[in-house]
Amino acid sequence: MTSVKKSIGIGFVGTGFMAKSHSNAFKTIPYMFPDLPCRPRLAALASASAERAKKAAERYGFEKAVVGHEAILDDPDIHLVDVANGDRLHAAVALAALERGKHVLCEKPLADNLADARRLADAAGEAEKAGVKAMCGFNYRFIPAVILAKRLIERGVIGRIYSFNGSYLQDSGCYEDTPAEKIWYANPGGPKDSGVMYGIGTHIIDQARYLVGEIETVAGSWRTHNPIRDSAGGKVQVAGEEDAAAVVGFAGGVLGCLRAAAIATGRKNRLSWEISGSRGTLGFDLENLNYLQVFLRDSPVREVTGFTKVNVTQLDRDHPFMDIWWPRGHGIGWEHAHINQIAHLLDCIASDRPVAPEGATFEDGYRAIRVVEAIRRSEATGMRQKVDEILPVEF
Amino acid sequence: MTSVKKSIGIGFVGTGFMAKSHSNAFKTIPYMFPDLPCRPRLAALASASAERAKKAAERYGFEKAVVGHEAILDDPDIHLVDVANGDRLHAAVALAALERGKHVLCEKPLADNLADARRLADAAGEAEKAGVKAMCGFNYRFIPAVILAKRLIERGVIGRIYSFNGSYLQDSGCYEDTPAEKIWYANPGGPKDSGVMYGIGTHIIDQARYLVGEIETVAGSWRTHNPIRDSAGGKVQVAGEEDAAAVVGFAGGVLGCLRAAAIATGRKNRLSWEISGSRGTLGFDLENLNYLQVFLRDSPVREVTGFTKVNVTQLDRDHPFMDIWWPRGHGIGWEHAHINQIAHLLDCIASDRPVAPEGATFEDGYRAIRVVEAIRRSEATGMRQKVDEILPVEF
Amino acid sequence: MTSVKKSIGIGFVGTGFMAKSHSNAFKTIPYMFPDLPCRPRLAALASASAERAKKAAERYGFEKAVVGHEAILDDPDIHLVDVANGDRLHAAVALAALERGKHVLCEKPLADNLADARRLADAAGEAEKAGVKAMCGFNYRFIPAVILAKRLIERGVIGRIYSFNGSYLQDSGCYEDTPAEKIWYANPGGPKDSGVMYGIGTHIIDQARYLVGEIETVAGSWRTHNPIRDSAGGKVQVAGEEDAAAVVGFAGGVLGCLRAAAIATGRKNRLSWEISGSRGTLGFDLENLNYLQVFLRDSPVREVTGFTKVNVTQLDRDHPFMDIWWPRGHGIGWEHAHINQIAHLLDCIASDRPVAPEGATFEDGYRAIRVVEAIRRSEATGMRQKVDEILPVEF
Amino acid sequence: MTSVKKSIGIGFVGTGFMAKSHSNAFKTIPYMFPDLPCRPRLAALASASAERAKKAAERYGFEKAVVGHEAILDDPDIHLVDVANGDRLHAAVALAALERGKHVLCEKPLADNLADARRLADAAGEAEKAGVKAMCGFNYRFIPAVILAKRLIERGVIGRIYSFNGSYLQDSGCYEDTPAEKIWYANPGGPKDSGVMYGIGTHIIDQARYLVGEIETVAGSWRTHNPIRDSAGGKVQVAGEEDAAAVVGFAGGVLGCLRAAAIATGRKNRLSWEISGSRGTLGFDLENLNYLQVFLRDSPVREVTGFTKVNVTQLDRDHPFMDIWWPRGHGIGWEHAHINQIAHLLDCIASDRPVAPEGATFEDGYRAIRVVEAIRRSEATGMRQKVDEILPVEF
């Protein structure tokens, strides 16, 4: 409880939405997680644009702003590199950081192709031997309701798992007249892999893998309903897919459905799933994130069975993040999953323990992308695809 | 508005759950649909068991009880044969009835195999030319909320349709120790096609086809998680599948997910779907059947958009069943869809108009089964299956 | 189980909304409650209008239509008089029926003033000694979810009761331009007691008394926000109050809030309550009547507490109405409470057992009105009012 | 957009729950509200305990820790005093701070008695003339859904208001065996005014006043169901009331119900209300704070009316806090209302504009307490009480 804590120098790459949410996390952790054995130091923030770097560094209180990520990689006082730049730039920065022995937090998707993701997972595996931590930003693992779900499953509360139904639904692309500039997956001129599967599908895939187990087979399809969009420069071709669906087979016979869509009109940010087993069912919905729905076979009162809406803003006991936030019923928000996740990473760094199983490794980041690529393959071939037959070399 | 109405003699085949719900409909219609141009007369009820026939006939007020359905088919005073017996007995009775020129209401699934379903659809097509009506019992088409959804879609209120997510979830098989006698799909010794796909999957398939359009391709899988059950006579092999899932492609590019499960622990009778389009979204849940969820792009107040929970117990205007039930907010139940459906059929018979598009034809019954068989084929071959390549001759 | 059952001749007074729902009940009971030891016979239906009587009798299958209720009271083959006419005509008919030794089902409110209600309760008390049954139509007692709530409370499942919050919200009067003809409480020129308190307030008061216990004190107010309405004949003065609220003290220290309103915009038929106790809470909402919300202190899994949404369409065991309706999850509607209620009354008549505690006696009907009058007195005097100080003689 | 902003020195009094939530706000504002024309400087934190002061100051990054609040009041570099100590200590500190010309944020309840509250409101009125700002911490005004409700009401979207139903339900006291130490209102040996009415009732009263208007009359009651509690030192008498209810009359004829309870078993932190008017209804529930329920008479599609669940995490346009938080659908939490509130206060200080109407003045704090005292008086006298007849001098 002494105030002499290990200081961990943080170097940021990126200035956008994720940089904002990560900065908020780093700034909040010192006082909301007072027992953490280390303190983050916002050492430097990098961007390709000097102006953006300067503005963001000033806003969030970084000690300096730099242009390009090299300066961060070379800085010996930076211990953790936070890769929060554009999706297609993740791999290069994360790989370089690992090579220099720096801890890495890389936003999802880990890369924009499977080969790079494999390279990153391998590099992280190597780095791990030297005590270097690498975590992929699957922040939804750190929502208290999801943590509770994971624990209930592990304790056998819902019995043998039968089924998973999960989706991540958004609607940014639902209106035909929304210009390409406002469509995050439009990416005119970009490669095919910029759509909902990489962008949000990896989140629901990670939830499925985290909670239920490995996905072995997929049979899927995808669509782009609005392939042409207006933009300031005229009509453009939209690169990314808008909707994808798959039937998936998990290890152990569990059957699942996955869906990711940016055309689910009216659904702003709805990652949801329902997991049924031989003694109960669990349900979660990100648009109502303080609750876990739980059906249990057993009840203290025979007639009283049904779905119980459990308020979960933090876990009560035995939990590293216990008593961090507010009293029961005083809800937390979307950002708190990021804060919890980064606190976990800092704790792992300071205590030299693995980021898994609570946090996602780069291997998890790779495997989520491999499922995406298996769905693509399945769409292309018309066949149910074994996931482990998808090889990084081809991509 | 005179009381001299055409009398329609009704002959029942069956005494179980569906016979109960249909009897309730026939007894309720005369006073709840007073403007209907005909009156049903419960002429005869048939069962293989004389005792069961007598008991049911007495209970529901049929004029006579008969053993075997032949007596009903031969009775010139019976105009409509209600086929509400066991699923695998539907086809023979319905076909014989059509051949004798009788109107037929056949419960779903229309048959227990595709070839019989095709035969029935053909026979119904022929019979139609002679003014004979044949309807397949997809009762959920007649829930007021579903009727409203259909109308909103037809009027373009939700725009161009993008996606369909639908499932029919029950939990009768969720506990491993439930004996086979209590599992409707257990069917020890029966053929493979007795599981959730024929039993409840056809319902969600019909909703999908009715509301969105023809299903062209499927990629699916199914599972039986508890293949061995206890029974009074010892362990038995369970014939039917417990869970099935498919990614489906509709005409026009709509992408869908379908699921039918009897192991969705805690879900008693949850047929639900969500349909998204370029101007809105519609959602329905049978466990809350008096409501339709509607998201509209347009709103009279800019900030007020979201899902609107519309109470629909009947339709207000322009509707044949208007003002049949209770005032707005006085909810109806599951049985009312059956009553509405049978009132529709009686109206079609009396007015000599087609049961479609509101009611399901035998062709609809056939097509629902064809999708099921396409999912089976897809599971077996591992390939995405074109639905119209599934030929009845093979089954 | 023989088919020779006691036949109970039914005489109806009234042709409106309640006559429709009661007729539906009498017609449904014979086949849905096959084990009931009696059968209703729809002997006669009376109305002040010969035309309305004839039309309704024909519609519902009464043996004859009569003008005025005297013919019904004099008919020795009529054993049960169903008083379903206008609220202010209940008392005279019900009293006359009791005096002639007929069983009576009287719709709520029992009367349109306290003195008449007292007379009826006294007459019913006397008649009871001779085996004559009198029931007041508080049909919401017979919703399965409410029956379950009552049982859980009696078994101590929610412990010592602390609080009750209840309301009955409708919106028929919410728009200023709705003409008086469409406002059930408008009653131009009628006495003051024709508003929401008699009309729907008595329902929530009966629920409170039935579930929690006697109401001892009230402090209340009421409002008529739209005292003038358009009508075909020009502007009219609206007699009934549109909104009423009270803080009530129950025996044993329970504190409650009651509200009845016809100006609760958007609430079509929302009777709802929440009852909290020292070990749990129960919640009900008529717009979602197949569910009871239950919070229990105890849980088989420590972290899993919250409100459980229990699907209750009928009770499982030990219940007279068990297995009457449909399988679990196949919801029932508003009308089923009426059917259950009337089946209960017929059973009480056939078995010569009291209608209480499940059904509401005329004493219950009286006490509900006494609470209404106590609220009126409280509004007028500005004082908290002891309910038992309200004497029928003054009204 | 220059970084030279006015620095506002902040002095804290208190180290508990509210100090934590306010500290979080002050630390978050600089980077989440980058356009605010000032920056808070955490100058000093005071507590009666040197140890607690030191620990909290270190945790939240205050420049110094001091014992007792005098040092803060005397510090010329402190411009804003944040009064976040125990409820009964608010008044003395806030009054002293105003007297020295410091801006004050005082947590609710403003005081623990009406006379002190009046003194504070008067002092704040005086101070306002000199540009000194005083705000009472009714943080729920700053939830985006509540802000939207306020705007819709002001724009007449729901028409003329008829009714308000509101409550603040918690359950910390629901179990009889919870020891006094865990009961925030137990306050053994303290004065009577330490219960739910001051503690949480003032919140729902402020919401009522803010959204609907002045409360003119009350008729109320309260209860303490568990007057004796176990504690480490043996049985103790509980001072505060556990449950309170009132029927209230607003200016303009609106009728309301208010309830505050700590024995609402299963309700953790449920402040909720429903406001009905002649063209619509608004509903809010703090346990689901990212949503506003809106019923509108008008709809672009005739059949589509009902309650619309509007996701409101921030306001889109024309709003000082626009684009502060996360994209639509990325929910915020309970703490964000505090952050928004304090950002508003800082903006008012920097811009020298009044904290009202968005923020609550000390007059608002006084008036909430006056309603509480009117309810107490009503309970004692048994009479409906005019609120403005409650005079501070008597208390």
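Chains: A, B, C and D, in written order; residue numbering restarts at 1 for each.
Definition applied: a residue touches a chain if its C-beta (ideal position, glycine included) is under 8 Å from a C-beta of that chain, and two chains touch if they have at least 3 such contacts.
Only a predicted model underlies this, so the values are computations on that prediction, with no experimental measurement involved.
With contact taken as defined at the outset, chain A and chain B are each touched by C, D.
Here A-C and B-C are compared, and the pair linked by more C-beta contacts is B-C.
Computed from the mean C-alpha positions, the centre of chain B lies at a distance of 36 Å from the centre of chain C. Note: centroid distance chain A to chain C, computed from Cα atoms, is 54 Å. Among the residues of chain B, those in touch with two or more other chains are 267, 305-307, 311. The touching residues of chain C, when paired with chain D in their complex, are 158, 160, 162-163, 165, 167, 171, 174-176, 219-223, 225, 242-247, 249, 253, 255-257, 259, 261, 263-267, 274, 276-281, 295, 297, 305-307, 378, 382-384.
Contact residues of chain A toward chain C in the complex are 148, 151-152, 157, 291, 294, 296, 298-312, 315-316. Interface residues of chain C, counted against chain B in their complex, comprise 3, 17, 21, 23-24, 27-28, 30-32, 34, 58-61, 170, 267-270, 287-290, 311, 326-336.
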